[in-house]
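So, here's a batch of structures to check.
Look for chain A in each of the two complexes below; its partner is chain B in the first and chain C in the second.
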Partner chain A sequence: MTLANNLPPYISKRDIVTGNHAVAEAAALALYTYPSVVAAYPITPQTEVIEKIADLVGEGKLPRTEYIAVESEHSALAAVMGSSAGGVRSFTATSSHGLYYMYELVSWAGLGRFPIVMPLINRAPAPGWNIWVEHSDLYSIRDLAWLSFVAKNNQEAHDMTLQAFRVSEDHDVMLPSIINLDAFILSHTSAPVDFLSQSFADDFLPEFEPIWSLNPLDPVSYGPLWSPSGITEIREDIDVGMANAKKLISKVISEFTEVTGRNTGEMVEVYGDDHADIGIISMGTWSEEAELAVDLLGEQGISAGATRIRTYRPFPAKEIIDAGKRYGRILVLDRSSSWGFQGQLAGEVKASLYDGGIDIPVKGIVAGLGGVDVTFNEIADMMTAYIKEDL
Partner chain B sequence: MVRLKELNQIEKEETIKKGNFACAGCGLNIALRHALAPLFKQVSIVVPACCTSVIQGMGSGYGINVPIFNIAFAAAPAAASGVAAAYRARGVDFVAAAWAGDGGTYDIGLASLSGAAERDEDIFYFCYDNGLYSNTGGQKSGATPRSARTTSTPTGRTTATKSIARIVAAHNVPYVARASISYPRDLYDKVERAKGIKGFKFILIDQPCTASNVFDSGKTIEIGEYAVKSGLVPLYEIVDGVLTWTSRTKRYLNPEKRIDRDGEAFLDKYMSLQRRFRGANPELVELLKQDINHEIEMLRRLQEDSSIQPWE
Partner chain C sequence: MVKLPVLKPIDGSAGRTADWRTVKPKFIQDKCTKCLSCWLFCPDIAISMSENVNDGFPVFDDDYCKGCSICAEVCPRDAIEMVPDVGE
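And now, the complex of A and B:
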């Protein structure tokens, strides 16, 4: 259903679609103009992403894309690593157990610097079987040299996908990306999306130029045995790539905003009072609930703010320190836990504040596991209780 | 068949260089040299964890004249599919191949191999088969012959070897072949013929391992020859589902002909040269002999005329 005519040139259509659909259409923009490869395996709640792309390939709408329907996620990631090594733009998508099944290659893709883009629909791991949202898969990829972006709504998921290709494939970065979408809340819920146009995408995202590719006329071995000291050097360069990504994200977002007028933050998105008694830090869809909670507290005369992490890797340590300077105390929401320690994000927020010499109260809450709905009312209650030292 | 002179000329530009990390007498070097010669300057190979990951050299030192994409143990067929897809998308005329050992093929890589075969990917799959996990110190793989002792079957393998070639053939792929490093001209010819075939091409190469199967490093070729002459490694091609035996080895498919001029069984010669069969359980050796005949019998059913004996 098209809602409006007379759209600006950077928009091709305005429609009401699921998060999965929004991501797939954005990937299609990146895949359309130049040679590209998609390899994928179904898993709920990701399947719609790869089905949509399969449809587009089947209908001849992605004439330069090779689509490989592999027999497992392990093979999905291996195949797109192969195609990336073969010199073309490469895409796959997965979720939870799919990610865990491909895990061996997740490290290979990150540490090997393959600029693959992969939506990760965040879903709880079994047992018991649960297909609803949790962030444990998001964190499981944390230390394997992938860029990690977290969407708050379908529009942002769409925009982020195209931005991720741009950042990943930059020669100063050359790292793979995951785009995190909360299972069902985004993946299967329809909401209005302004689809970017192909002409915008082509201006925004140049052809992928590999630094190296497998060339029988210039035989070189990639990823052979390496010495301990050599490995250290290679690993150090990953952090250089991560630091470069941080700078590039800022540039990419401002270019994006210049044309579209859309800006949902670079590393983080800040909402609410500049200086507040309490600030809430979170990622994903419930960050929009947190914004409503901030409004609700405001109505009750409590000054509150929200900082949403949009780029999780590289981690926005500086932006968290800035948040520490703005807020009297911080509540961190985690949709998963590092069992035996605490919520992962809470730990990282505290570490960043310590590095920044900020000494304020910080509390982490683990909630919303296995798809439990957490509304703005509940978040407001948590914030109020924390202010009253009652949490 | 390619003439020896021709082969020497073709292989002057070497796919594999002298002085790499391979053991003295390594059969893998020989397999690489002859199998990749017909594809030289056209092929990129994907190598999972195996001896080829090691012998290619360390860091920027490099002993193989073919581009290599090193990848995880179970991932080679999928990664080769991806490389082939990239070449197709780019419209370049290069060939992608997986180059894996028997562990990476029969065992951990089987699902990925099956997927690539079922999709009829236009790639080569080479399995260099030494019948065990040699790179990790000599453990049993699906390819280990019955009765052979390995570090994980110290009293000898008790069950039959998996027939990987028939498993792949059951995927209805256009080309399956078995070759041996002891018959390099035949190996070369098979790759050369397969080059003209579109779709999935599987070539199983017998390659005795001096280090783990423990034999004199000067005996690699001889042991490979006995493997063929004992019937343990029958040589054939299965093109579009129809099996043709390789003529030079045909007579040895007949159990009565598997003896040398002095009446000594080639299987005994094969086994006596390798420490892995020393003190092998005679009952298991008897079963191994049955395994040999069973495999040839099962392959016979893939002949165009399955009513005739393979040696007829």
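And now, the complex of A and C:
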């Protein structure tokens, strides 16, 4: 179904599509104008992302895109590292075990600073065999120098994909991106999306200009043997790139908002009361449920707020400290756990608050594993129980 | 500008690697047929061959030949012999 009348020039069409479709169409905008390479291997629940792109290439709608059908995720990332090193925009997508299969190369892409964009449809690891949402795969590459963005709905997944190319490929950043989508809740659920137009995309996202590229006439070697002291230097520069990304994200979002009017936050999105007895911090789709829970608590006279992490790497430490100043106590939702310790996000929120000198009660809850649905009612119950010291 | 783990090839980024060797090639020109085997197999690009240099016979780089002896092994005419090269 397409609803199209009197659309502004930055929108090409208004349609009801899945998160996978929304991501693929945004990637197509980035891939269309200049030479580009896609290499990917299908895995539930990511398959429709690359099927859609394969369709567009097959139909001749991406005439400058080389689509490489590879035999595994390991090869998929290897192929796009090659194309990225060759100097062209590069894209792949995966999920859970697909990511684990490409894992050997994940460090090469991140620490090697190949600005590849890769939607990661967050799916639980096995066993037991499970194809539904969990954030374990998101955290599995946390420390390998990838930017990490987390979408809350299909529209944001669409917008975020284009924004990720812009941030990744910037010469002060040069880091790959994952765009996280909750399996099935976003990947396979249709919702209205305003598709950005090609003319908007071309204005917003310039041609990728590599700093180095593989060229026999001016040979370079990527990631060769490196001395211990030299390793420290290039690792330190990754943190510089991450800090630059943080500044750039702010600039990119304000440019994006200026044209589209859409702003779902930069590092975080804040919802609810400015100063609240309880705040909830989370990321992904259940952050929208958390907003409804905040409303529900508000109706009961409980002052509550929600902070959604939109950019997970670089981590919004400053924004979390700000949240600590807004809220009397904080509940952190984790859709995964660092087994033997605690939910990863809870640990990072606590670390940030400590760095900021904020001493308030913080509690982490691990829930929603393996696709368990967590609704706003349940989140409201958790928050109420925490206020009553009953959690 | 970011610091990427990318290197441009230059001679001797690891220093004068010939210091590592205990043997060095001794070239016996009479036996050489200029077949290029030594040039092809040298893992350190320490053998150069050019029509205009040394009458087209191989030239051994005394700074970067590590004395691995591959050239002597692959030479079909035994035109390369490894001889001791122990530093002072």
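Operating definition for what follows: the second predicted complex is superposed on the first by the 391 of 391 C-alpha atoms of A that agree within 3 Å, B and C clash if a C-alpha of one lies under 4 Å from a C-alpha of the other, contacts with A are read in each partner's own complex, and residues count from 1 in each chain.
Just so it is clear, contacts are C-beta pairs under 8 Å (C-beta built on N, C-alpha and C of every residue); 3 or more make two chains touch, one makes a residue touch a chain.
Because the structure is predicted, anything quoted here is derived from the model rather than measured.
Overlaying the two complexes via chain A brings chain B and chain C into a clash. Contact with neither chain B nor chain C is seen for A:261 once the two complexes are overlaid on the shared chain. In the overlay built on the shared chain, the residue A:301 is in contact with neither chain B nor chain C.
Note on chain A: of its two partners chain C and chain B, the one contacting more of its residues is B. When the two complexes are overlaid on their common chain A, residue A:37 makes contact with chain B while staying clear of chain C. Within the superposed three-chain model, A:214 lies in touch with chain B and out of touch with chain C [touch as defined at top]. By the document's definition of touching, of the two partners only chain B reaches A:69; chain C does not.
Of the two partner chains placed around the shared chain by superposition, neither chain B nor chain C is touched by A:340.
In the superposition on chain A, contact is made by A:222 with both chain B and chain C. In the superposition on chain A, contact of A:83 is made with chain B only, not with chain C.
In the superposed model, A:111 lies in contact with chain C only, and not with chain B. On chain A, the surface patch touched by chain B in one complex and by chain C in the other comprises residues 218-224, 226.
If you check the complex, the residues on chain B that touch chain A are 41-44, 46, 53-54, 56-59, 62, 64-72, 74-91, 94-96, 111-112, 114-115, 118-119. Listing the residues of chain A that touch chain B in their complex gives 35-37, 39, 64-66, 68-72, 74-76, 78-88, 90, 104-105, 108, 213-227, 230.
Within the complex formed with chain C, the chain A residues making contact are 111-113, 171-174, 211-212, 218-224, 226, 233-234, 237, 240-241. Of all the residues in chain C, the ones that touch chain A in their complex are 1-9.
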